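There are two complexes below, and they share chain A, which is joined by chain B in the first and by chain C in the second.
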Partner chain A sequence: MPQSPALAFAFVAPALLFLAAILGWPLVQALALSMQDVRVIGSPGAFVGTANYERILAAPEFWRAAGLSVVWVVANAVLQTALALSAALVLAEKFPGVRVARTWIIITWIVPTVVVVVIWRWLFSTSGGIINPLLVQSGLIERPVGFFATPWTAMATLIFINSWRWFPFIALMILAGLLRIPGDLYEAARIDGAGTWSRFRYVTWPLLAPTLSVLAVIGTLLSFNVFDVIWLLTAGGPAGGSRTLPVLIYETAFKGYRLSEAATISVLATVFLMVFAVIATRTLEKGEAR
Partner chain B sequence: MRTMLKAALAGATLLTPASAGVAQEKIELKLWHMEQPPHRVQRVQELIDAFNAANPDIVVTQEPQNWGEVYAKAPAAISAGQGPDLLFAIPDFTPILKDIGALTSVQDFVEELDAKHDFVDSAVDAYSYDGGVWAVPLYNMAMNLWYRKSVFQEAGIEVPTTWDEWKAAAEKLSADGVHGIGLPANKQLYTDQTVYSFMVNGGATEIYNEDGTLRFNNPETVASYKFYADMHKLSPADSTSWTWGEAEACFSSRSCAMVLQFSVIATYDSQAEGDANDLGVAAIPHAEGQEGHHTISYANAVMLLSKHEAKLQAAKKFVSFLLEPENYGRFLNMEPGLFMPVTADGAKAESFWSDPMVQKYRSQVETVIKNAENGRLFGFTSGRTFPSIAAISAQNIIAETLQNIVVNGQSAEEAVAAGQARMEDVAR
Partner chain C sequence: MSRPVGWTAALLACLAFFAALVGLPFWWVLTGSVKLPQEIIARVPTMIPHSFTLQHYQKLFSASDYPVYLVNSLIVAAVSTMFTLLLALPAAYAFFRLRFPGRALFYRTILLAYAFPSIVVLIPLFGLFAKVGLVDRLPALILVNVAFALPFAIWMLRSFLAGIPKEIEEAALMDGASLLAILRHVMIPLIAPGIASVGIYAFISAWTEYVFASVLILSDAKRTLPVGFSGIIGQYQIDWGLLLAGASVAIIPVVALFALIGRGFVSGLTEGAVK
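== the complex of A and B ==
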């Protein structure tokens, strides 16, 4: 079959056009909006050049939100990966009910966000919740704790809830990677006298690393953009302690009525993510080449 | 037979355009409101059905919205030509739509309705600025102090009228795992409302000077925040994330002895004892040296957005229908005990007082109506309304100032000064 670049381009052109329409055009619009001074949706705006970028990059709130976004992404990545890897290792074993367990583990991921929020808000409540009484009865705390009362406890609680929600999805991805590792390798390692830890360290981990690397990139991009759980549980509070960049964008656009400034933050966040994605992808490609 | 069929077809052909012509003549009105609970939607639908039946040339349909989204959604929908013809509002919503040219004054219409039903003045005042009246008041909500009479009696406490008495009562009631008072400290509208309820009782009613500059940073505001922060120490630890529901739950579960709330009647009746004789409601105590009890009150209203004359007249007809005493009580009682009348004839309407829940809690409802007479709303007092109030309110800067005290540990003086700076920033 003749290989013509023009023909190849013709095949991918519809997909490229589709992507340009649904991704490229909104990005261009956001860029244009970031160089105007539009406040409320529907109101006119004048061209202001890079004034919004100068203001945003000089604003402490932006850098604080960016810092919290980094904390959010890293903490979620660590916790989700740890939980997911543990769950996947268990689910990779053969035991009665493993098929059911593999199906039902996904349930926290398919529950609608608002339901997750209502459940956890109630569980953590000091008025009628069950976590505080359990902790008091077990002697771990003396009096009920406000899990969303201080910036760092709110952030930690949000990270826990978000990781709880997402780890089953990642666990299934890791499980798929685990099940692809040939059983012969474990058998050979066992014959060579490798124990459980050695088999994990020298067989499982190296062969799972590519899967984990891809998940780290995808997980970072997905975690960075999480808005719903944070907004519904803390709305970025208390005192801005959980105001990540997506929350700041929403607040600026729809509570501060500064649509152009929100677009500016969005463009900056997009640039950060694109830089991260490019670096991560190249690193992965280099890893695969080796 | 064939002839009959032909005749029938010919008749149908002739009738179809005529029927379509009749259908096209109907004026369609789209109502957006933010009363989302199903029983409220159901009640609004009953009233719409009654109106549509009585007015065959008009078809009103409702599309319930969310308060959290409507501030962004409405301007977008209007600019896309998909906006509603009638849209419920609270006062700080109107400057946003007025600024994008979506509103025209309804002063003449409000005067006409006032002559017929006699509006509560403060309800109209909240929508009267810049030489016009920008929405038609529909119902009022005012914040009150809720408690259990039996709990006060057991503790030997009289209903507090001043801040000193209030604090002493809250401290005495804080025992055996019960919080003397449940006050929110979330960066959210409920906290704006409770803090301002303290401010109006501490002499800090105005946040603007006459020239539009801000006067938030003043000794009365600082004193109000200091007192609020003191009282908040007696509230549950997670009140920094509270909205209205958590406060009601705290009161219903008896974890909080007192709460500030527009109404707790519905939850008290369905989720707590439901003993009308034991449910106490009082005006919010005031600072020593201040006179009279004040509160925050929201006159909710409806904005008429259609630029099409026939639609505008139809919308006015629908609003007039809602305010007729025989309908108005049913409208208010979509949530009995929460929505209070803004018209004199509505306050006496049989349709309002005959509701079983209103009858059961009649004394509480009467107290709430009385308290609402001294209602104020930040940014809408003394006839001085400035557009920046929309952003100040939407960003919950009053609540944010409180969080700087109770979460970040700032002094009231520092936090209020920072609050004024934030208000000036968003007002730019």
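== the complex of A and C ==
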């Protein structure tokens, strides 16, 4: 099609310039900030080179938060994918109302996080609530349990809530992959005498694996960045038990007023994520080439 | 195709499990919001409300700033959606059809926007907005929301464009239509469902955004719903009735939007993802 590059640039330039101004430029500034000593927004800071990096990399809180972030990402990935895969397998079947189910399952993802927070704070509440009374009634526990009261139960509860919010979204992505598998393959497998399990193991699974691995990478990036659910439910507590890297960055910048240190942590987090994304994408591409 | 009885039973059990997992929390919140306070904190939770009252909603709309937050959020989300579409449509078309130097590089860089933690740009953006006088103003949130929705919007619209048979576009070209005319009269009507999907996506992400709204907005009268509502959570001696009513109202706009064009959104999301 005959067309000048100038016209093409007129089409993309607004979006590109906009992204450069709102995301690109601040990213560069974050890098600059991490090499200065700025405490409060707007105040000038002296150039300190890599001093911030040396201090952060030696700080136990940083490594603790990084460790919790890894726990957070891995546990979410496992729980989310397990729930999403089984939901997708159910939604791929034909039953009355399947279209409605496919549309509305995603409701957990379209409501504001703050609503998710209110819902689960209420359900897990120790005064009233739903889950504690049900557990007490069924005789599993004697008195209400404070789900957010100890570091590990708080983390586990948060992981459950975040996975609850995200699994329908992932399920729909997996469903898209499932629906692309040609029906004849199942028919052929059936004629060869394959049962339900072997049809899943030898037809569904190999064809679905590429979709699942792409989703694993995207899911990791998305769940690493989760901040609001954690902040609104536990604020990183108790005793720092749910203080993942995004929470640490927010606290350092806006509670501790150490902007440069916060920028340093965020640059380090970005580097970790980029390295992960590059390695993961390479591995995926190699897997596809094989 | 007929299924063995055991299989159907297992399917039903799974369906019931997921319906309960997703549906019950919403059911308890919606019904809780119309229960009397003493029933809300009753030792034995009730599935179907035994009492009915609108007092929590009355309190929400008369004694708190909730209506202000609601309006602010609607403004931010609607305007963000409009600008996201205005920027994303031509860009998606250019990335899909037009040739220009650096096309692949630009496209990949845009997608990279997902790989870094958004909190990184929060600190410098605050400084930047402070300099140009945008702090504590709703346009600041609109700029941020558009920036975060834009990469996904371009990506999704591009895959919708890719789904249009090439012959349609070629036929229009043969008829002597200009590029702009093709985009306006042929491509855009054809990807209307895609545009609706991207619009929903942009609306939802702006409607739910919390972090930037909590830092960039300082005065109570300009808070959006997620931030204002989270303030209500802490500010009162936990008043569950009020919170459940607030949560119910915050669900309504997205559910209404979704009821109108939700089916297209889901198929758009899933089709966009696999191309």
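The rule we apply is simple: the second predicted complex is superposed on the first by the 266 of 290 C-alpha atoms of A that agree within 3 Å, B and C clash if a C-alpha of one lies under 4 Å from a C-alpha of the other, contacts with A are read in each partner's own complex, and residues count from 1 in each chain.
Going forward, a contact is a pair of C-beta atoms (placed from the backbone, for glycine too) under 8 Å apart; a residue touches a chain by one contact, two chains touch by 3 or more.
Note that the coordinates shown come from a computational prediction; the quantities given were computed from them, not determined experimentally.
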| item | value |
| --- | --- |
| Fit-or-clash call for chain B and chain C when the two complexes are aligned on chain A | clash |
| Which of chain B and chain C A:Gly128 touches, first, second, both or neither | both |
| Contacts of A:Asn52 with chain B and chain C, given as first, second, both or neither | neither |
| Touching partner for A:Ala253 - first (chain B), second (chain C), both, neither | both |
| If touched residues of chain A are counted for chain B and for chain C, the larger one | C |
| Partner chain in contact with A:Phe147 - chain B first, chain C second, else both or neither | first |
| Which superposed partner A:Trp120 touches (first chain B, second chain C, both, neither) | second |
| First (chain B), second (chain C), both or neither touched by A:Asn76 | neither |
| Contacts of A:Gln36 with chain B and chain C, given as first, second, both or neither | neither |
| First, second, both or neither for A:Met173, with chain B first and chain C second | second |
| Chain B versus chain C as contact partner of A:Glu93, first or second or both or neither | second |
| Shared contact residues on chain A - chain B and chain C | 41-42, 121, 125, 127-128, 253-254 |
| Chain A residues within the chain B interface of the complex | 40-43, 121, 124-128, 143-151, 154, 233-239, 241, 251, 253-257 |
| Chain C-facing residues of chain A, complex | 1, 3, 5, 7-12, 14-16, 18-19, 22-23, 25-27, 29-30, 33, 41-42, 83, 86-87, 89-90, 93, 95, 99, 101-115, 117-123, 125, 127-130, 133-134, 136-137, 164, 168-169, 172-173, 175-177, 179-180, 196, 211, 218, 221-222, 224-225, 227-228, 232, 245-246, 249-250, 253-254, 259, 262-263, 266-267, 269-270, 273-274, 277 |
| Interfacial residue positions of chain B with respect to chain A in the complex | 71-72, 75-76, 78-79, 96, 99-100, 185-188, 236-241, 246, 249-250, 253, 255-256, 390-391, 394-396, 400, 403-404, 407-408, 426 |
| Touch list for chain C against partner chain A, complex | 7, 11, 14-15, 18-19, 21-22, 25-26, 28-29, 32, 40-45, 87-88, 90-91, 93-95, 97-101, 103, 106, 110, 113-128, 130, 143-144, 146-147, 150-151, 154, 173, 179, 204, 207-208, 210-211, 215, 225-227, 229-230, 233, 238, 240, 243-244, 246-247, 250-251, 254-255, 258, 262-263, 265-266, 269-271, 273-274 |
